[in-house]
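Next, two complexes with chain A in common: one pairs it with chain B, the other with chain C.
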Partner chain A sequence: MNVHAQTTRTPAEAALIDSFAGRVSELPGDAAVTVRRDEALELLKNGLPSRRVEAWHYTDLRRLLSSVPAFKPVSEAEPVAPLIERSAVLAVLGGAAVDRNTGIDGVTVSTVADRLIEGGMTDGLAAAEPHDAVGAINAAFVSDGYVIDIAEGANLDRAIELQNLHTGGQAHSRFSVKAAAGAKATIVERQAGDGEALVSSISDLDVADDAEVLWIVLQEQPDTASYLGRFSARLGKNAKLTLFVMNSGGKLVRQEVRVEAAGEGSEFRLRGVNLLAGEAHCDVTMVLDHIAPDTYSTETLRNVVTGRANGVFQGQIRVARDAQKTDAKMACNTLLLSDDGGFSAKPELEIFADDVACGHGATVTEIDGNHLFYLMARGIDEKTARGLLVKAFVAEVIEELDDEAVVEALEGKLDAWFVEHG
Partner chain B sequence: MPAVQETIDQVRMIDVDQYKYGFETHIESELAPKGLNEDIIRFISAKKDEPEWMTEWRLQAFKRWQTMEEPSWARVSYPKIDFQDLHYYAAPKNQSGPKSLDEVDPELLRTYEKLGIPLREQEILAGVRKQGEPSTLDGEPGDNVYSSGRVAVDAVFDSVSVVTTFKKELAQAGVIFCSISEAIREHPELVKKYLGSVVPVSDNFYATLNSAVFTDGSFVYVPKGVRCPMELSTYFRINEKNTGQFERTLIIADEGAYVSYLEGCTAPQRDENQLHAAVVELIALDDAEIKYSTVQNWYPGDSEGKGGIYNFVTKRGDCRGKNSKISWTQVETGSAITWKYPSCILRGDNSRGEFYSIAVSNGHQQIDSGTKMLHLGKNTTSRIISKGISAGNSQNTYRGQVSAHRKAANARNFTQCDSLLIGNDCGAHTVPYIEAKNATAQFEHEATTSKISEDQLFYVMQRGIPEEEAIALIVNGFVKDVIQQLPMEFAVEAQKLIGISLEGSVG
Partner chain C sequence: MLEIKNLHARIAEDGTEIIRGLNLTVKAGEVAAIMGPNGSGKSTLSYILAGREDYEVTEGEILYNGESILEMDPAERSSAGIFLAFQYPMEIPGVATMEFLKTAMNAQRRARGEEELKIPDLLKRVRASADELNMDMAMLKRPLNVGFSGGEKKRAEILQMKLLEPKLCILDETDSGLDIDALKIVADGVNALRSPERAVVVITHYQRLLEYIVPDTVHVLYRGQVIKSGEKDLALELEKNGYAGIIGEAA
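And then the complex of A and B:
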């Protein structure tokens, strides 16, 4: 369809522009930040991306983001118990950072609000391209978050948990973490809340040479919240990053992942579990750039779709001309358990180097009849047997993580979802 | 792992500077003035002696086209086309439907002889060239490709169909095989019923343009229960400068019918780019089967990327009836730019769609090609096997969509695409779109060389064949399956390409 059409602004687009006018005076930042915010607003004035924009083909934001709630003057959000025991919690409540330090040696913390006012945080504060709605909304409205530096060679004995919580309205946060050379850390990012909301959150991670990070995104928004998230990372020489993403809530979810394997010998692992129920629309979009030679990446996503939910996975692996000997494997497996649900996958390869091993696989099916029969033949009723198989299907990805405490905590989350959604 | 030497050599043999069909035929032509407007459309329609409804259909399409924008989503780049700077009609003079071969301009006959296309059916019938004669098999690749076997040919030169062979014999079987212009005049009821029913007038920018200005093409109707007694084929040749070729092909297989159709194309070597925007519609009714094969060898431009054909083609098959089957096979080696997605609409219950493609790009060629399998009916199955090989400075993209409608219970798809890069200045890209809206659908997409059906692999390997060879054997087996059903000579080039090893495939 290429028919020209003059479009009018949707209620959500209008609400975004209006809330900017009402909010701008309270937003932190120096003159340079203000310029960036204005630029972001200009992009929003051009309208939210529709399915005609290739990157948003399966998530027509223009249509799906039906409303944008107003900012709440006061947030009643409270920090929650961390996923992993003994974690140092850094909470952002209703868009305001409330903690100042972690008490962990080798970790320094400052707030995004302070950085915006002091200057020096404008670099990441721009949309990546004209249709980058996540970047534009966040750049226009971002109010707070944390900037964390992990010292060279520091091996953190406790995890850091970033909590981004709300009680409705709007919340726009940012997290920036630098793991210096040889550092080792586990970071949990919690996205949750209560009530009708629009949340945007951008996390940015720098993994320097030989550093190793396990980053867990746990998105448990209520089914009244729209969540626009991005995780981006850059890997140095021989750096290792494991990113685990679990989406188990939200009405409209777009989780973007952008990773650059920029250092020779760097390794990236993405493990994702998407549990979709009700009317949820959940989109995980990844762009992975292999820039340096001898880089390695694997991505495994397991999706369970029930009810009238709709799942999307777009995964693009780009291998630059110089990134010879790249080894990249991507798999996206979906159990579609309802005729009213849907799942769309677009696993994309873009290869410019001629000596690489890249592959992708995508499957969408129902539960295997043979597996079901096997269990039922042993006297297990159908409902239980189905439950076991579905759980095993996703648990497999979780069990791949090395840390026992993390595996246990995530499986607890998984059980909770199955209890709630049968 | 990088490509093996054998593969590199084979790809070099079909590099852009090896183009064999670049000669030009000097023949007096009748040209429509440059530009596109309602008058030109009326002019074309009048030239074709078309009934009023057809002229109206074209004008409607033109109106729609004026409101449309050129699509930009494909991974190809080229300077903007000036659609007003083209001749939309070019025909060899005095060629408004020769009654016999003797009336055809000898210069034209020589052209087709040079291309190796037999327009003299009696010669073949008399057995001057026996089927499977060694000289044709071992000849230069692409030479004499049509020269033996019994193939009915519709030869399209620029904007008109020059001649259609074996018409009489086909008519005895009830098969209608003629140019589309003739069909519009002689079989209006069939054309009216099916034209535009698979690719609607306003489907996309190029299809709409084609609907407005198409000049010729082939029409096939195979009646109920008839198995077409011979292979049908169309040979397209663009000769004239600054022309666009817009052909339209319509193939209908009625209940229980079977037809196999081949398409070949070449063009002279020119510095300017030429436009080719075709529309092909296939309709398979209950239990019918259509096989459509293309060996696309348009002029690809020179080694600097100058000239070459812009190939913007809409090909779509509709498995309208239950148990129907449509299979596309394409061997793509030509064209500067290819934008082509032969698709299957699997509407009838138990219908089946297949797509086998080998796309080789060299020089500065850009290919963005693939397929769409739209599962609408119950128990529909589809299979996609695609091999892309890019060398030189070319870009080769596979773009394919597989979707299951809510009501498409038990839809099955298997997709496998492999790409191979030769050299450091080219790119290989894979963009699959997988959309499932039905819980009983089963879709598998893979682009790895190591995950073919374990059973098959085991079967081959336990006979002592190493894994790499076993995989190549199985994937090639899929393709060969179809290619081998083409007349051998037609597919010399295709056969050569299939011989290319999968070794070094990047997925």
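And then the complex of A and C:
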């Protein structure tokens, strides 16, 4: 007997199952894909995870996902200006990939829809475990996206920006990137749109030996959208990955991060900025596996909470028995600017190796009165002074990125958020 | 310029009275030194003048150019021309020094109805003042006061003072933590600001600073009151005989 079988479905659960029936004939895929979609749907029929499921304890999806809009027959989404100038844009508009190449040497592009039809895309097209709602919803509904190969040793002089855009309704996309040995690339994943929506998006990245990737997730959904995202990566020997996640929108957001430091000497940096306003609920859940020896990781999150917003960070670091000399540091710092807002941080370390250096810390603070007084004593009015301090708190993690153009572009995003919500 | 009349003030949080009936008048063009033993209320006085909310004025008045400043917040006081050089300047990570200077200068100009400074003009002013204080412009690219040595922080305070051109300058133990070379540079910076329209209040524990910034008047603060006022010789007398004699005299 399945203990999570629901006697009554929530309106969102019912709408998900109904919309599958209406949508399935239009979804791309060979027979194997169809099997995977049906399996995913069966999981969804058991109901969405509630707070009783540990991984969803702080984000009761069953309660928080209050509605699921119908698919829109036609999307009016259009590509937006890329975060970083001169980027090659690959857009998915309303769940359909519209571009075919980047014009960058050493980069090959195909669409997820083509791959689903041609076969060979069933890997990962499934829920990772029974309560993996992100994986199940995406596997059931995924319509398109991009598969990108970056050639061995290619050092891309322009960034690639993956845009997943909608004008309401539902959009379910996938992005799969392989950076071959020694390749170097910057990739921006843009999650945005307009209107009431349910969006799921799964990205997976393979960073081969000695390759180096900076991946930026810019989630700026409207406050009418629910967004379920996942980023997975596997790092080869001496590979380096910096993942920068900036959440500045969305009504209900779950961004999962799963990284395997599988190659000896690999390095992973997670930098997260969560700017939460209004009624937003934003959950960043990371599972990081240190598998090989001499792997290194740091995770720093800075959160600003205003209004009645709620934030969650679950950070789990697992160090395998063989992963000796692992060095991992995790910090989650929150600036709580409202009595009605909240932030829950749940760090977890699971260590099976005996020679490691792992640490974590979480803080929740208000604006420092001494700092505020100092700025005001120089003639800066209180509102401006507070704005400067809040921005400074977040900007610290942005400024750690080495690329000046990237730092400038992200600070521009930060400024825009403060103009609207500060 | 500054008239403090029968001022009583306490720590807002626990009600401890620190200033107990303080009277002080400082005229335009005057450099007034305030001296006193530890715990006499010197720093508290400077914070109260700058408008720190941690202190509560329970009685008395502070007049600046004839008008009460008690209802003004720190930013308003600053824009009106009151400047406090902090004993312990705050380190503020994430706020670039240059960005801070620009924001402060332009906030004050706006408050006074003046046009904001354009970047080239602003840079020129900052560079000129930094040169005079022997400060490296590279330092100003760093976050505000972060990783600055004690001497660098004090210089940065004087730099801000020069750039903001206040009318009433309050220096809180500006000499603490300075070696003799830095002390001279800081004193030169302050002396360059002396003018008939400007008053300077120098709060210090030791006479040493007053060799370089020669005061017109000296006031001894003890237990929240000015117990003796005099001319610059009073500072020398204190240096020679310590505070005990004067305290005994007053008691």
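The rule we apply is simple: the second predicted complex is superposed on the first by the 415 of 422 C-alpha atoms of A that agree within 3 Å, B and C clash if a C-alpha of one lies under 4 Å from a C-alpha of the other, contacts with A are read in each partner's own complex, and residues count from 1 in each chain.
Just so we're on the same page, a contact is a pair of C-beta atoms (placed from the backbone, for glycine too) under 8 Å apart; a residue touches a chain by one contact, two chains touch by 3 or more.
Since the model is a prediction, treat every value here as computed from it, not as a measurement.
More residues of chain A are in touch with B than with the other of chain B and chain C. By the touch criterion stated above, A:343 is placed in contact with chain B alone, chain C being left untouched. In the superposition on chain A, A:360 makes contact with chain B only, while chain C stays out of contact range. Once chain A of one complex is fitted onto chain A of the other, the partner contacts of A:391 are limited to chain C, with no touch recorded for chain B.
Once chain A of one complex is fitted onto chain A of the other, the partner contacts of A:54 are limited to chain B, with no touch recorded for chain C. Contact with chain B, but none with chain C, is seen for A:329 once the two complexes are overlaid on the shared chain.
After overlaying the two complexes on the shared chain, residue contacts for A:373 are found with chain C alone; chain B is out of touch. Of the two partner chains placed by the overlay, only chain B lies in contact with A:352; chain C stays clear of it. The intersection of chain A residues touching chain B with those touching chain C, taken from the two complexes, is empty.
Remark: chain C residues 50-54, 73-75, 77-79, 83-84, 86, 89-90, 92-95, 100, 103-104, 107-108, 111, 143, 160, 164 touch chain A in the complex.
Within the complex formed with chain A, the residues of chain B that make contact are 1-3, 67-71, 73, 204-205, 406, 419, 421-424, 426-451, 504, 506-507. Within the complex formed with chain C, the residues of chain A that make contact are 369-371, 373-382, 384-385, 388-389, 391-396, 399. Within the complex formed with chain B, the chain A residues making contact are 2-4, 54, 57-58, 321, 329, 334, 336-366.
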